[in-house]
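Structures are listed in the sections that come next.
Below are two complexes that have chain A in common, paired first with chain B and then with chain C.
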Partner chain A sequence: MEKQEVQSRVKKVVSRVLKMDESEIADEANFIFDLGADSMQSLELVAGFEEEFDIEMDQDKALEIQSIDGAVEFIEVYL
Partner chain B sequence: MEYRKLSPEEISGLEQQGCTSDNWTEIRVSASFDISKIYKTAFNGSCRIGLVNRALSGSNGEEIKGGIYNSVLRNATLEDGVLIRNVHLLENYHVETDVIIENVSELLVDGESAFGNGVEIDVLNEGGGRELLLFDRLSSQLAYLMVIYRHDTALMKLLKGAIEKYSKEKRSITGRVGSGSRISNCNTIQNVFIGFDVTIKGAQYLQNGTIIGEKDASTFVGSGVIAKDFIIQSGSVVDTGALLEGTFVGQGVKIGKQFSSENSVFFANSEGFHSEAVSVFGGPYTVTHHRSTLLIAGMYSFFNAGSGTNQSNHMYKLGPLHQGIVERGSKTGSFSYLLWPCKVGPYSVVMGKHGGNFDTSNLPFSYLTVENEKTFLTPAMNLITVGTRRDSTKWPNRDRRKGTTKLDLIHFDLLNPFVMNKVLNGIDILTELYEKTPKEREVVNYNGVRIKRLMLKSCKKYYEMALHIFIGDQVFNKIEKLNAPVTMEVLKGLMKNNNTEPEAEWVDMAGLVTPGGQLNDTISRIKTMKDADVLKIENKLLALFENYEIYSWNFVCQVMKERFGITKESLNSDHLEDIILRWKENSIRLNNMILSDAKKEFDANSKIGFGLGGDDAVKNADFEKVRGNYNENSFVKGLHEENGSIETRATDMIKKLEEL
Partner chain C sequence: MTSRFELHQENLKKIFNPESVAIVGATKLKGTVPYDIVENILKSDFNGAVYPVSPREKHIASVKAYKYVIDIEDPVDLAIIVFPSAVAHMALEQCGQKGIKSVIIISAGYREIGEKGIEREAQIKEIAEKYDISFIGPNCLGVINTDPSVNLDASFARQMPDPGNIGFLSQSGALCTAVLDYARAKHIGFSKFISFGNKADISEIDLMFYLMKDEQTKVILLYLEEVSDGKALMNAAREVIAQSGKPILIIKSGRTSEGASAAASHTGSLAGSDEICDAAFEQAGILRCDNIEEMFNKAMAFAYQPPPRSNRVAIITNAGGPGVLTTDAAVKEGLEIARFSEETTKLLKRHLPSTANIKNPVDVIGDARADRYNAALTAITNDDAVDGIFVILTPQSMTNIDAIAEEIVKVAKETDKPIYTSFMGEADVASGIDILLRNKIPHYILPESMCKAFESDFRFHHKIKGHRFKPVKVEDVDKEAAAKVLEGALQSGRQVLEEDEAEIILGAYGLPVLKGGLAKSAEEAIEVAKRIGFPVAMKIMSDDIIHKFDTGGVILDVENEEAVGIKYQEILDNVKEKAPEAQIRGIWVTEMAHKGEEVILGIKRDAAFGPVIMFGLGGIFVEIFKDVKFRVAPLGETGAREMIESIKGHKLLAGARGKNPADTDSLVDCIYRLSQLAVDFPEIKELDVNPIIVYDEGNGCAVVDAKIMF
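Our next item is the complex of A and B:
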């Protein structure tokens, strides 16, 4: 899968979970500081990525991801 | 003690020292009685006076002489070494040796009293129906039986009979002030039994109660306290304007700062400040510290109430009959609200205003939040937070019960069969909900709450993580405790069920975790007791407490069989290696998730408000000076060390198993 597609689908999940427009989500946006995700939404994002890409991620490592870019990089390893 | 009449010379001497009596012949004294240090005191009715002027220790450890000054005594017995000064009325009391009573308006018993024993209070259900009899040995378990098992009329009759019998034995027309006690600067103390090493200083009004103290667990009742119909157990502090009515204060409890309580019980190590409690069953470690917090008609334990926490039992038409159960280890966030009836599962966090009734008992470690006025639940979320881990280590370390007898029987394990049974139920519930919910749906409904569909699968994994840790912990403990050399035969032998059947239901009896069936058997045994008394019932409950390890292991064997297909017959070293590896993997993973959560305490958001007037460098420096840094934090270091130890233990155990 192309990096761009991964990024687009990551943004789609983030947009759905955090209830914001995809256009508001910058590539380097930080989930907490820029997008305002709380602890529960962080879990929901991880679950959302797993479902979107049909993968099972290491939960502890997945929760350390801070940004859109970081998520893309992390998910690519599983694809 | 033998008492004699006063000699004419002694009477004359006392009168010269300003003393009077309505009948000197009714005043008896000990053989070695000495009139020195007795001045301006009226001895009325029948009094017995020892060698009061013996030395005793003052509040700062200094030696002071006993004596009786400026006081009125009526029907009082004073043992040797007692200082009574400026007591306007001391009536119908037996004062033991080494006691100081000074500047007290009244300390009296006015008729036969049971001193708060046998007082009936409406606990848990404000409208009544769960009446609890207070007495000075009440444990959280006995209270649990009385309050929860109302449907068992035979048990109720027996318990009520035993407590009434106990209370009857406490009835007397004479009160007691136990050795080592100090009472000063108080207004009225009426019909109050005062045990050993009790200090009452500045209390406003105490009526119909018992205050128990022990040498290593002295009890303090302080300024402005008003208490009526109460029991205060050893090692407790009730201070600073507390207002108690129909209240039991258990061992090592702290109450103060104008806390008010009515028809409530607070068991071991609970804390109540500023706030209000009505019809509360406060199991061990029930904590409410903040103003505007009302706990009402609920049962709690290992509980922390945030500021402004409120519950309501008033959406009724036939009286305030609703009640709430908040299972162990839960918290309510600031200004959260629960509408009873509700049942909150163990180790859950409640945030926001919940206007609906729900039962989340089988989804432990949940976050309960509100979105668009609807209750949302995130299962297992609180399992991976730093707070839960901190709390679970904090509770046993903060056990303030230092006396010889610990009345409440408390199991502290974070992951225990009561909780793990719910974790297993949680796994099944989430699995079923996930399987039957179409992907298009964003939320699912469950027992009055909504769960985001996305969370069903991942939260189930968190529960499974807890399961693998619990099973591994138990297996480790069992093998490490073996005295015999580890062989497969020995290990298979461990899989025995200790002659008891595994249990489907577990109960948390306000601190005591036990299988439901075993509790029912115990209740049956209690009901068939001849001449049941409080001590015999306590012993039955103690047996349940002490068998916890056996019952827990049976539970583990049952889970291994049902969830992993491992039986005594099929057990092999591969099974055990698998259990150990899963334990290692999940324990480290959970610790890492908790570490991630802890890291947030040191992130940029946490630094907001630090370094005022400076740049980022000042902000970081200020934060670090006040809060320290992540890597040096003792909790963080502890978890890193634990991860290292998990690796080592697992490696050693696997090596041992490979040698089988």
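Our next item is the complex of A and C:
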């Protein structure tokens, strides 16, 4: 899968979980600091990524992902 | 260049007196820390601008919110970061970019969670240094300033306390909330209330100095879980007390004895970290408290009442038993029961019934009402022989409790003498106690607590406040000679110096060591013995033998040359049998010490306070009763003498039971010199001089055995 496609699908998940317009989500945006995700939403994001890409991620490591860029990089390893 | 300390003092001004506050990481979710802090600031009627900063919200609690702190158009004096620790550094970075110098980091998830948290703490410290930011926290409850011109509750406590004269600092945030609740029930007010959490940047020392200059603060209370730099804390306390005359009361939790059992020396095993902490606080003039109740009992005395001129107290009671209890407690605390003047006696006789006791403690009798309390109080407060008044009340059927409380308040307003109260009971006296506490009259459930509080007040104002610390610097020491022995031992990889080498070091520092020499053969032993004179003592020297007596390695009172030769071989045979693997360096032949009083001196190095000196009586006093005293080196003039005078067995040295007084001046000199040695050689971890024999006044003392560990 192309990096750009991974990024686009990550943004789609983030947009759905955080109820934001995709256009408001910058590539380097931090889920908490820039997008205001709370701890529950962070868990929802991990679940959302797993569902979107049909993968099973290491929960602890996945929760350390803080940004769109970081998520893309992390998910690419599983694909 | 401005030091971090100076920077903190400057930046603390805006932590406590900001004109604008940003809450960075605020949310709209009620019942969460980020929301409650916004709400508390708004509720506290803060006299400044409030800016919630939230990535997603447009407004929080009806106040416009900003996406980033850098988006705020106006200057911001104080930022309170409530973001999770994973991103708090990003918020701090933006604070730096915005030019905010004063920050409180509430977020947890730092040093207290382990390695990851330690890294995060280092990261925020680095950012703070880059931008000259000072921050309180992380992992804290926040800060409260009750000054009516500020009114800032930048915390997630349930309620803002009343204004008052007590400055409270706490390493534990949770304890803060309990203290606030406790204090509210007793109408205890605070000037500043600070939870400093992990103290990664601003420490309790910085805050103590800030409170030293704070006009609203009369007494400083501190709850501490760890002492990071004991020496700095001691120096700070001394300076704060000397410059401001404000008392410092500390609860230091974690009274454990772990570690002491593993120590190799006597001094090491006797000096638990808590005993050292006790000693250090006492030296620095800090009043250490065991619990919150004791702390506030004493704080009320300092904050509410004028200091006593001396320790003569008068007791007024409406019941005999409590009067006796109070008298006992007062005497136990070293207070004097005042003797009334003739004028006072006459007045008491005139105003009290014939059945009343008009001598101290004054019993106004069970049926006393407010007028009788007033008459007794007025007469006694005007007596020059009285420095403080204890008013006791027990609730009897005719006792008009509230009216008596009102009378006490009235008299207290007209006198410059401290009045303390104890309305004994609970339900019936509650309204009276409430009147007293609302009017800043210290009240105590138990007369014993009342007497302890008065004693602390008296001791602080008359024995601690005016005392100036002057360490003694001993000049006539041969530091090079001592260093040479230590270096030699270090190079050979040994960690223990025995008597022969220890005595060279102690001798170089002017301690009275006995004449002696190391013999590696019977012939050498005889030569040494002849040189120093008979009788002599002979001791095995081996790094592998800790208990020389148990292995037959010590023989005393060897009378002549022939005996020295025989005993030399006897010692070697004994040791060969009991410790066949031991490496023998030789036999130390030394003059025999005359009989005298055996005492023990020692050095231990504490992680927080540095070198510590120990003194105690030898033999069973140290083994069983652990009658020893510690002091952090260097020692001041009074410190060394106090060590000797404060042990329980001191009377033995002062000349009890027909004995001549011991040469304590010589002991004081030894303590100074040992203190100097401890300061000069940080590589000495532990040292025992056990025993040192002290002779009658004017005859000095003698070091009999010593061991140094490094």
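Throughout what follows, the second predicted complex is superposed on the first by the 79 of 79 C-alpha atoms of A that agree within 3 Å, B and C clash if a C-alpha of one lies under 4 Å from a C-alpha of the other, contacts with A are read in each partner's own complex, and residues count from 1 in each chain.
Everything that follows uses one rule, which is that a residue touches a chain if its C-beta (ideal position, glycine included) is under 8 Å from a C-beta of that chain, and two chains touch if they have at least 3 such contacts.
For clarity, every value in this text was computed on a predicted model and none was experimentally measured.
J.: Quick one: classify A:Phe33 as touching chain B (first), chain C (second), both or neither.
T.: The answer is both, since A:Phe33 touches chain B and chain C.
J.: For A:Leu43, using the defined touch cut-off, is the partner it touches chain B, chain C, both, or neither? Pick first, second, both or neither.
T.: first
J.: Does chain B (first) or chain C (second) touch A:Asp60, or do both, or does neither?
T.: first
J.: For A:Ser15, select first, second, both or neither according to whether it touches chain B, chain C, the two together, or no partner.
T.: neither
J.: More chain A residues touched by chain B or by chain C?
T.: Of the two chains, more chain A residues are contacted by B.
J.: So, A:Glu51: does it touch chain B (first), chain C (second), both, or neither?
T.: First partner only.
J.: For chain A, what residues appear in both contact lists, the one with chain B and the one with chain C?
T.: In chain A, residues 32-33, 39, 64 are touched by chain B and also by chain C.
J.: Going by the contact rule at the top, pick out the chain A residues touching chain C in the complex.
T.: 18, 20, 30, 32-36, 38-39, 64, 66
J.: Would you tell me which residues of chain A are touching chain B in their complex?
T.: 17, 32-33, 39-40, 43-44, 46-48, 50-51, 58-61, 63-64
J.: For the complex, give me every residue of chain B touching chain A.
T.: Result: residues 367, 369, 378, 381, 385, 439, 452, 454-455, 457-459, 461-462, 465, 589-590, 592-593, 596-597, 600, 603-605 of chain B touch chain A.
J.: What does chain C use to touch chain A in their complex?
T.: Touching chain A: residues 27, 29, 54-57, 83-84, 86-87, 90-91 of chain C.
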